[in-house]
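Notes for the one structure printed next.
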């Protein structure tokens, strides 16, 4: 058990800090949240800067274009970029954190050469076409269908909760290629160009009032068979390789941000008198413990990432983190008192969007099933 | 003792539900989300039906009814998510003549007030007195509210503003208590409606080849929602009968919790389908959050209850 | 909605108070908790005093020997006896609150005449033989078997969690009469004399260190067919009539006692300084709200008792009450601080025994299923 | 940075587990429940194995190990529900020569101390200093403890008693912090063991024709138990590496909660079968309650954490 940094790790941190201090002031002003092309351009420009400085794909293997850094550097990178207020991964989320790692793990040499470098350079944006109106928690029941015609799949159906669909170049798409096969079988992973004829994107307004997500309609979209990752009908396994992995570190930056927010909530409480109430103080103290332990859990998961069974600790992390994040913004609302009713306060928007955390990417109920069945070995329900 | 609703009370509640279903159904609700302005036609109908004056004596234009009856009507208003300064206007009946009345509670910071622009008069509550003011006296500045159906205003008002206002001849503690109770009744309606919505969705929505309501995880969420709603219901009804301050704190505390947590769990049961702007779940949650800050919040209610222990 | 008392109800209360003030000082000292014969004698003597004063079976119909009082008097009775510190129902619990009402509802005229008056007079004590080692929450899977031989059932098996078995005259027993029938079917209700040959009682020590319960072993015990309530194989329905009813008012006295305890905890907090902590104060305030509402819920359930669907509100009550009771003694422990470690404090014993409340008579998990399926109409699990 | 246990640490933990399984298995545990007295033979073996002296330098008779190693051994002790003043005796290594040492914390009321009659010496902690005393100095009176494996004593000790005691040359804050951390490690062991016990029971016990672990209600209890245990584990390990006061508050807070709530849920999963004296579940719950009051309780830990926010 070693949480200290080696001289090499400290040197990495120092160099990263210097670089961040140098480049961040050069960034253009952040775009308006509703300006999708502007957001794409901004996020991709940032990704290009990371790439040119050697920070793109920090923990990706060198052979696919990454830096090949170890867990310590990976965590330092997440921590320092967050602390410096660097831009989020934004439009490059799916490419860097899901589609990319999936291609790296399951793609042919040709596929890796084709898709990975543009992701790392911030040239191509990916989105994710997994969820469907009828397949929410039960992803395996998806209905979007692909029929093979020669060397092409013809895809028809619709996808929900797709972020950045408006500005994406590619969509990692799960489709049903065998309508007879039950559940997980009969699903195939395809890379679909978003400019293909038959693709329609319609923005979806969330309860927070924003349009972070879209619905994607697919009407006989033709996707080359060469765009398939893995074998036909093997898409479920292909996807799960990364789905479980994703849950380890994808939220590391957010945990750093939550700890910063918690400090701001405490400062607000000190300034408006709420701090005099031990109920408020102790609630914030408890949240400090939770986020501190979640950070340790990430360090633990990252340290064990090479031991096989990647990301099984991710379900435990997601269960606790999603709840803690909601608690944080509830506590912030308590500190604000009647001020929490204002939609203009940025914590209000965060409070609302945090409501999705116990639902998206597997509800807390589903996560508990996964933990109980896969980690604890309890028998499957009927 | 017979805690059951009388036939008249059942008829009153059914009538209120019917009126609201006809005049403020789902389409009107969604239209109101976009429109923002108070529907004065509907307001006049509510006034005509006695929603605000019902507790005044008949010679004064009321129906001579009591808090229990008011609570039943407000429960239905909560269930329908009816917007507008309902409680304030009801409390003002017999004190002010205006048709739409808002409340400014000067004991709370930041000083925010709901519905000011729609109101023709304001009840100003501090710790000791009830005053009346014109809305303009507070120099209101619109503040975007998280609940799209509750317009909110940042208001200015130091001691100087307050002391120049006309004092009304009524007891501020009684007014606050009744305001808390009627707000609790609105919350009860929200708690019940979100329970029904969750149950309906759980019966219908299929995942893994079965209605999600057949899974224990969903069942148990719904069972706990019912527990909260039923406990809140008896607390609100009991406080309406006794009119007692501690009973009112019990009612507000449990109804606030039932409304907020049931709306929250309703969203969880709906999953992604409840997370859109077009689904109604969020409107209930946001309104429940607004009401939970009104008249007395959880901290105040719990302290009231604690102070009453072995006094 | 009327929670006020009529003059007649107030007169009933005044008379009851007078009577309690008169008789309670005449009671002998309460027996030692481990002295079962002493407890039986004490509880039966108290029941006899209630009977002679006209307070036995307060809400039982007059035709079976009760007072036939309405819900208001029933609640007043529960409230006043508790407030006056009168003895608990104790050894007569099963007779008065379960076996008796079951016999009243389902027994023949002859059976009612035979068993009810001795219960009301405190002459015969009943115990309950429902639970079994293999049938806890799944009561319907009970294995104790009864084979009919002429006009006798021969019963073999064992029962668990039977209170007052050492001193009971009768046991209301559920047995399996049709081993082929699935689940609820094939079960029969019998009244078994506890002095029948083949009955062995072994005390069971609980985690609280006390022996409130016993295990009852049955080795070819002969029970006359005349002791059967209802038809053969209809015992499940016979029992459920009262199981659901029981949950309404059986805990009314306890709720009064909890409110008194809460006041004592507040007094203790005031005396040891814990009261200065708003976390403690608000926790106690919240419990005050909960117990106040639970009392209102009893009044609500009692008022609606005549409307059919008896006791459906009982499951909701039990869910909340069992949790609230545990919370109360946890809060008491917080107020006592390190003093809560003392086994000598009576709140410690209450804290430990309260742990059974979310388990006994249907775990909270089972109660939630019942609420969801029977009250909310959600579909049964597979 | 590599948060994994080294091979030596894994071997140390495995060794501790093996030793305890051999010398303090279920039969010995149940015998200890009846016997009450400290098993001095076992104690000597633990001492011989370095349980108390392990952090001393080798020339001083220790193994030169650190807090991370101590935490792993204490986790195993918690898992085995090993009785005795383990933490106090460990803290006293290098300060006192006695083989069995108890602690009296004079900052807490009522003044109760564990294991006094078995101890040959006492570490007395107030807010500022560490002193040593003979157990008799406190005039101890046995007080029945809810945990049958933790003998408890009501002790007398005013300022007069305290000031006459010898002051030890060590920092009270460090001692308290290490005491809290090692106690957190014991709680971690309890949290893990009760999780395993619940899972084993849920796999085996059948109701309604299926193992109860196939029901979501039971599954979700167990999943949340794992969450608590794993979060407590990383918090305890991290604090053992940093030695930091705020990290220790985090560890104790989360480990206390994990132990108490996991033992509680373990009992719920066991249902009636766990409610008997003969079942072991209650022993874990009672011990977890005892540990939760030691060194720093939830209120103290939360205040420590709050104070560190944006200091």
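All chains are identified by letter, namely A, B, C and D, in their written order; residue positions are counted from 1 within each chain.
Throughout what follows, a residue touches a chain if its C-beta (ideal position, glycine included) is under 8 Å from a C-beta of that chain, and two chains touch if they have at least 3 such contacts.
What you see is a predicted model; the values in this text were computed from it and never measured.
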Please state whether A-B or B-D has more C-beta contact pairs across its interface. A-B
Centroid from C-alpha atoms only, then distance subunit A to subunit C, rounded to Å. What do you get? 53
Distance between the CA centroids of subunit A and subunit D (whole Å) is 39
Chain centre separation (subunit B, subunit D; CA means) in Å: 49
Of all the residues in subunit C, which ones touch at least 2 other chains? 277-279, 282, 365, 368-369, 381-382
Residue numbers in subunit D touching 2 or more other chains? 215-218, 220, 299
If you connect every pair of chains that touch, what shape comes out? Choose line, ring, star, complete or other. complete
Please output the residues of subunit B touching subunit D within their complex, sorted ascending. 215-217, 220
Name, in rising order, each residue of subunit C that touches subunit A in their complex. 277-279, 282, 382
Taking the touch rule as given, give the residues of subunit D at its contact with subunit A in the complex, in rising order. 1-6, 9, 68, 199, 202-203, 210-211, 213-216, 218-220, 222-224, 226-227, 230-232, 234-235, 237-238, 240-242, 246-247, 249-250, 253-254, 299, 301-310
Complex contacts: residues of subunit A adjacent to subunit B: 131, 133-134, 136-138, 141, 160-161, 204-207, 209, 272, 277, 279, 333, 337-344, 348, 352, 355-356, 358-360, 363-365, 368-369, 381
Under the touch definition given earlier, write down the residues of subunit A that touch subunit D in their complex. 1-6, 9, 71-72, 75, 262-264, 266-267, 270, 278, 281-286, 288-290, 292-294, 296-297, 299-300, 302-304, 307, 313, 316, 319-320, 365, 367-369, 371-373, 375-382
